[in-house]
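What follows is a set of notes on a single structure, which appears directly below.
By written order: A, B and C. Residues from 1 in each chain.
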């Protein structure tokens, strides 16, 4: 369920770091809590994000939830497919439902995030 | 019931309030009155105004609030308790009446204005203007709005007072003193890549039809949005809609209510499809129910205050649902041909009167125009008219100090030829009674 | 599929555009008494419109049937109780409708001379006086069009006063139980919002408040009683803490139905507040508006009130624009006059004594309901309820049923749902405000419906989760409506022949 090579945050985001770029999304747990997702407000390519700060918004019918950046850097790609098919966040949150790709400005941030095992323990404890 | 709760008297219900906050006196308001006394009070107040039984005046005022016949159907339908006393349609399954009629309303506004999306109404035009400006700021990311001086003065005041703390600056664009249209040279000079919106009104406050296409070209060349306002909805029956606009905002009072001393009215905001998610206020959308039947519901609510709170597109909570329903009924009764004929009558009446007076501007006008009083004081003209039980036009010097001795006159389908002839007579005769 | 229209929930009714037929009309205008003008000539060819494409053409009979049928699909106060919290869905007296339609009030133009508008101005002056008396404040503006508009105006007034003292300050404190318009308004007025958590009794934590109030805080926005229906016991202390640091106390008057005649905000330290005439003062909701949101202030805020203001000069009223410190207008013209007439009619019908009696009846009804359903639903806070009571769905959530589903099941019992999921500080809130309008009989029916649903949840939770069953439409798909919004009718394209 929660890929070993991803890293996770307590706010239920994941990041997959490869070659200085981090692909970011929300976890299976997060999409379940949010319910049917109807819209995703994506940042613009080129925007700078800071770890822990809000960078996107995910909307269900009755709520709008802020998504916090798990890592800092510059947005180099945003998943535009989510504009026409926001439901992808529900159906494939760890794969096709990725939200942005970030060129990491501080790659060491990734190491300090939760591992798959730690995240699942955290969920179990919650 | 008190027994069930475990209290012995009604006063006990408030006994838990701290003594310091209790109001133990009686409110200084006269004891409750019967229906008959209440109605009598309001009828007498009505008689103290210059309309009403036995006291009717003819009225040539427009300036954002218009006299139009109201089809009997309007009050018949909105007086139904299921419309009058129902709540906001958050529970779609038991509000399909309201939701369906709002969907029809949104559609008709799109058809009239040439836009793709219209919301379920705003408080009125004056408060729709800052909302439209804020929308343009959000879309473009820019912070400056240019407003034509020919936009209704009170709309401009409300705009300035409402956006003061949103980091927005407002510039004013002048008008051509001969035609009464927006000064396009002034506009070209002022539009930059920092401009979020160019805001003009058509017909403008002087009643003149603006060159929307031209203004649009200037705005769009610098990436600014074009916002077009209207205050006389009947004009849309005959005028080509502002298809070049990105956002249209306006007043529906003409379709719903008599002047009512200024309110309640209903404003509307409409826009191109791509701006849908930035539009403030309520939106009704079409969907299906669990059995596959067509149904309607409020949608895109996540833009609104009850969800986004401080990040909402606006703080607005109510819309003017009942007024919007009145407008929907009005539009249904008149329909495609009727709105056109209604507008044609307005145009003809105003042009008849203008033909007997001296219009100040040369630009094309709909049902209002600015008349110049040559050598006579407009205040004296209005006094003479009052003596004949006619309320004359709006003197403009208070709003535009350069327009001395002018008044804004409005003629609608309700205006009678005999009264227009009297106005002309008083103008000619130098304000003699 | 049933094609014949029947006056029943299963009827099918087309949209106006789908019933339209060229040449049908529902209007007739008098003949023109002046020469007709050619639009292309008068306006310029480019300005004259060819036609209003796809605009409906229907007859008067079509119109009345269409809207009559639509109306039968709505719930309304005229049909039964709306237990919606903080909405105060009380009876809308019909005398109000007649008063508002008096010709001499409906047909006056806002720009006609003051000397010819004395009746209208007298009505507004009298309403200002009554509202000031009811709230215990010194001055009132009737300009704002609705509650949120009144909030915005009120915060602008607070800002203006602070500005006149040299510093508008930066923050507004808002309890986490507040209505969404509060933070949205604060933001629009240029302030940042700082949330302040409620204590374990659901009220403002005065120790916490004392810690956070400083010279950066412009004001605190409270609702009293708060959105839990509970009176802020420490309100006087709250006002002191704020005033000591030069900050102001704003009160959201949405819950005024619990106070009219028994407690006055001006007496417990409120500096500025708004009222909702469409709540406390019985003006009709009409499916979502119009409303009116007058703002009442203490003397020191009076100079900043929106312009113009009514002024008595001799034996006449005048509109006075000479107000150098005014924040200016917040809307065109003077306010929602038609709504003001209705509110004044309501006040006149009740009188001073009657307003107090209505308030006590509202308290009675809410407490009665609370007593009847408290054994089955978890009351959110033990504090005494005023005009509304708030429960949590925690007991029912154990069986997998949340407040939203309970609300939908209530529809099958013939009631409009209560307010679900608000305030946010209560898990799965059920917020119930019956108002003074309801009789014991209606309340007993409501309570027994709630009890019955609680039992259904014990025995057959799925039944409740699938509700409602008896409405014209089954549960509506709001998800698709948000993913692929269709916000207008379009003429269907003819099927393309390949």
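To be clear about the criterion, a residue touches a chain if its C-beta (ideal position, glycine included) is under 8 Å from a C-beta of that chain, and two chains touch if they have at least 3 such contacts.
Just so you know, these numbers come straight off a predicted model, no measurement behind them.
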A-B compared against B-C, more contacting pairs: B-C
Middle chain, criterion being Cα centroid separation: C
Reference chain B; chain at largest CA-centroid distance: A
Computed distance of Cα centres, chain C from chain A, in Å: 38
Distance from chain B to chain A - Cα centre to Cα centre, in angstrom: 45
Distance from chain C to chain B - Cα centre to Cα centre, in angstrom: 20
Touching two or more other chains - residue numbers and ranges from chain B: 301-302, 307-308, 311
Chain A, residues touching no fewer than two other chains: 38-39, 59-62
For chain C, residues contacting two or more additional chains: 478, 482
Complex contact set, residues of chain C against chain A: 421, 478-479, 482-483
Complex contacts: residues of chain B adjacent to chain A: 277, 301-302, 307-308, 311
Touching residues on chain A, where the partner in the complex is chain C: 36, 38-39, 59-62, 86-87
